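In this document, chain identifiers A, B and C correspond to the written order of the chains, with residue numbering beginning at 1 in each.
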């Protein structure tokens, strides 16, 4: 009577209902004593350090961008690998050209210093100026 | 199968030459980072080689890169004289633009990054060259993206002023949204018809008539992507901002080459996909979607909006941006008539538009190099300070208006002839009225240059010999073709044929 | 109930509508770009679903692969440009960045 997806649907409803009922029951019977300690963010029992909304270093983004490109380009190698045998040597050459172009791109990143994890180029003064500019806009 | 591949690769030598040049530029930039002055010449060598090869392969008319079973007849690219003509226009433009960048002070200020600049420029050229011969929806999408991705970066490349990055962001947002919408339209067409090849779509449409809302909807979505590239009316919002913010050389490149590629794509898409019959140069299109009225509405809207918005512009780059929108409107009329005569008119128009638009932008660039402004109020009395520039700009602007004895007149004349041939008198009258409106804002520049008094001291304008030669190369044909125009008509006529079913 | 073409199309149309809504209404440039990604992925779902249920061979799936790669390239360039915007304007809200007059 139930199709495969029907079973999953029933399962989803039951799973949701179980959580809902458990929370509702706990709400009815638990004691209510709110305190500051309970509102803190859980950091393995320690008092939390600083805000959870830290700003990541901007170089994470650059590395992420480079990773994103090279990671996704590799997808094109899967269909190539499937038909590799039918094309033999020329298939190898075609794949080699593709990889060579990718390698050129990576060599470029390397040479231009985008892969280096050195100190930030933006200096303190400029950063302060930017922050002031932002504060002015906020106020 | 492999023999076919080698044969197909031999058909696209110009594209291969440009790709190899691109890689060489990257390699050169990596290895010799002391001396960057050679890089533009490296690009020039590649572009000239591609141009000569394109000029030599006039007669080729074939399908290339056939995918799938051996029974398939149609490939990813279709190479024909029409595509070759636009390829030649794009290559000539890019060669001129490389000379253009050599005398632009904006590009000099980033000379340590010129390797990346010319790599991206060649990337744009490559995308456009594939655009003009793409005959599969997915190939169209990929080539449009190759062009777009390079041009997003180039728009904000100099980072000299805040407006550069802003232009880049606006171009990116409008561009990526419209290409995404185009891709969605393509996926609907793939579902409705079962193929993405425009020749196969044509075969299917000829046997079964598809007449549903989804079909029209999908075609409008696809037009949104192409209309963005040619800056047609409802999709033109990016144009003024991007043209104003980008470096002038890139603005000139976008306004001519990118537009040419978009028009080639639109013409091939409309003619190949929807052609039912071709009677003595009149294209009879299939039922289901009324391309003629659709294109007429778009083009009238485009030229009217472009011309009227240009009236209030004080920044010359911005004014030329609106004027380029208006020109896109005139050229769309050449497609809307759906005849070979109209196609010829568009092809002539682009050759002329190339000369006069690059010329006008070049003079704006020289003046901006010297006085650091593109505002029309700073142009007061510049005509007497630099008479050569003043007179040349006058001629280019008269040509853009479409008055005799300049080449601009001939190109407009051919559009009007094509319109009158199919008895579209009302549309022709609107186009003429638009030209009259455009006269006002072009003349306004001349008024500032020659008549208006100024209380400031008129700055000195340095014009080098290179500048004079470059301007003369564009100026002389603009004047000569206005009187003796049979060579360009013959030249365009030789490239008229599009490969159809 | 068998999951068929219509289910996939419903999902893809919903994604397209959400993406378009995001592009039109969002102020934050990164959010707008996420809307664009949704539009691209809705087209991808269409390609794959049509090629699977329409017996159109494997072409549609290969197209989806190409679109994914182009989307990644576009995202990389887009984020680089947005980063550049943040360095210049110290925010990425589209309606606050208007040096170029309308």
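Rule of thumb we're sticking to: contacts are C-beta pairs under 8 Å (C-beta built on N, C-alpha and C of every residue); 3 or more make two chains touch, one makes a residue touch a chain.
No experiment lies behind these values; they were computed from the predicted model shown.
*Asks:* So, comparing each chain's Cα centre against the centre of all protein Cα atoms, which one is closest?
*Replies:* The chain sitting closest to the overall C-alpha centre is B.
*Asks:* Return the chain whose centre of C-alpha atoms lies at maximal distance from the corresponding centre of subunit C.
*Replies:* Chain B.
*Asks:* I'd like the Å distance between the centres of subunit A and subunit C, where a centre is the mean of that chain's Cα atoms.
*Replies:* The separation of the two C-alpha centroids amounts to 17 Å.
*Asks:* Please tell me the distance, in whole Å, between the geometric centres of subunit A and subunit B computed from their C-alpha atoms.
*Replies:* From the centre of subunit A to the centre of subunit B is 39 Å.
*Asks:* Which whole number of Å gives the spacing of the CA centres of subunit B and subunit C?
*Replies:* 26
*Asks:* Would you give the residues of subunit C that are in contact with at least 2 other chains, written as numbers and ranges?
*Replies:* Subunit C, residues with two or more chain partners: 73, 80.
*Asks:* Tell me, which parts of subunit B touch subunit A in their complex?
*Replies:* 2, 5, 23, 26-27, 29-30, 33
*Asks:* Write out the stretch or stretches of subunit C touching subunit B in their complex.
*Replies:* Answer in residue numbers: 12, 16, 19-20, 23, 29, 32-33, 35-36, 39-40, 42-44, 46-47, 49-51, 54, 56-57, 59-60, 63, 66-67, 70, 73-74, 77-78, 80-82, 84-85, 88-89, 94, 97-100.
*Asks:* Would you tell me which residues of subunit B are touching subunit C in their complex?
*Replies:* Counting only subunit B, the residues touching subunit C are 67-68, 138, 141-142, 145, 149, 152-153, 156, 159, 162-163, 165-170, 172-173, 176-177, 180-181, 183-184, 186-188, 190-191, 194-196, 240-241, 244-245.
*Asks:* Could you pull out which subunit A residues touch subunit C in their complex?
*Replies:* 3, 5-6, 58, 61, 65, 68-69, 71-73, 75-76, 78-79, 122, 130-131, 133-134, 137
*Asks:* Spell out the residues on subunit C that touch subunit A in their complex, using ranges where they run on.
*Replies:* Result: residues 1-3, 62, 65, 68-69, 72-73, 75-76, 79-80, 83, 87, 90-91, 96 of subunit C touch subunit A.
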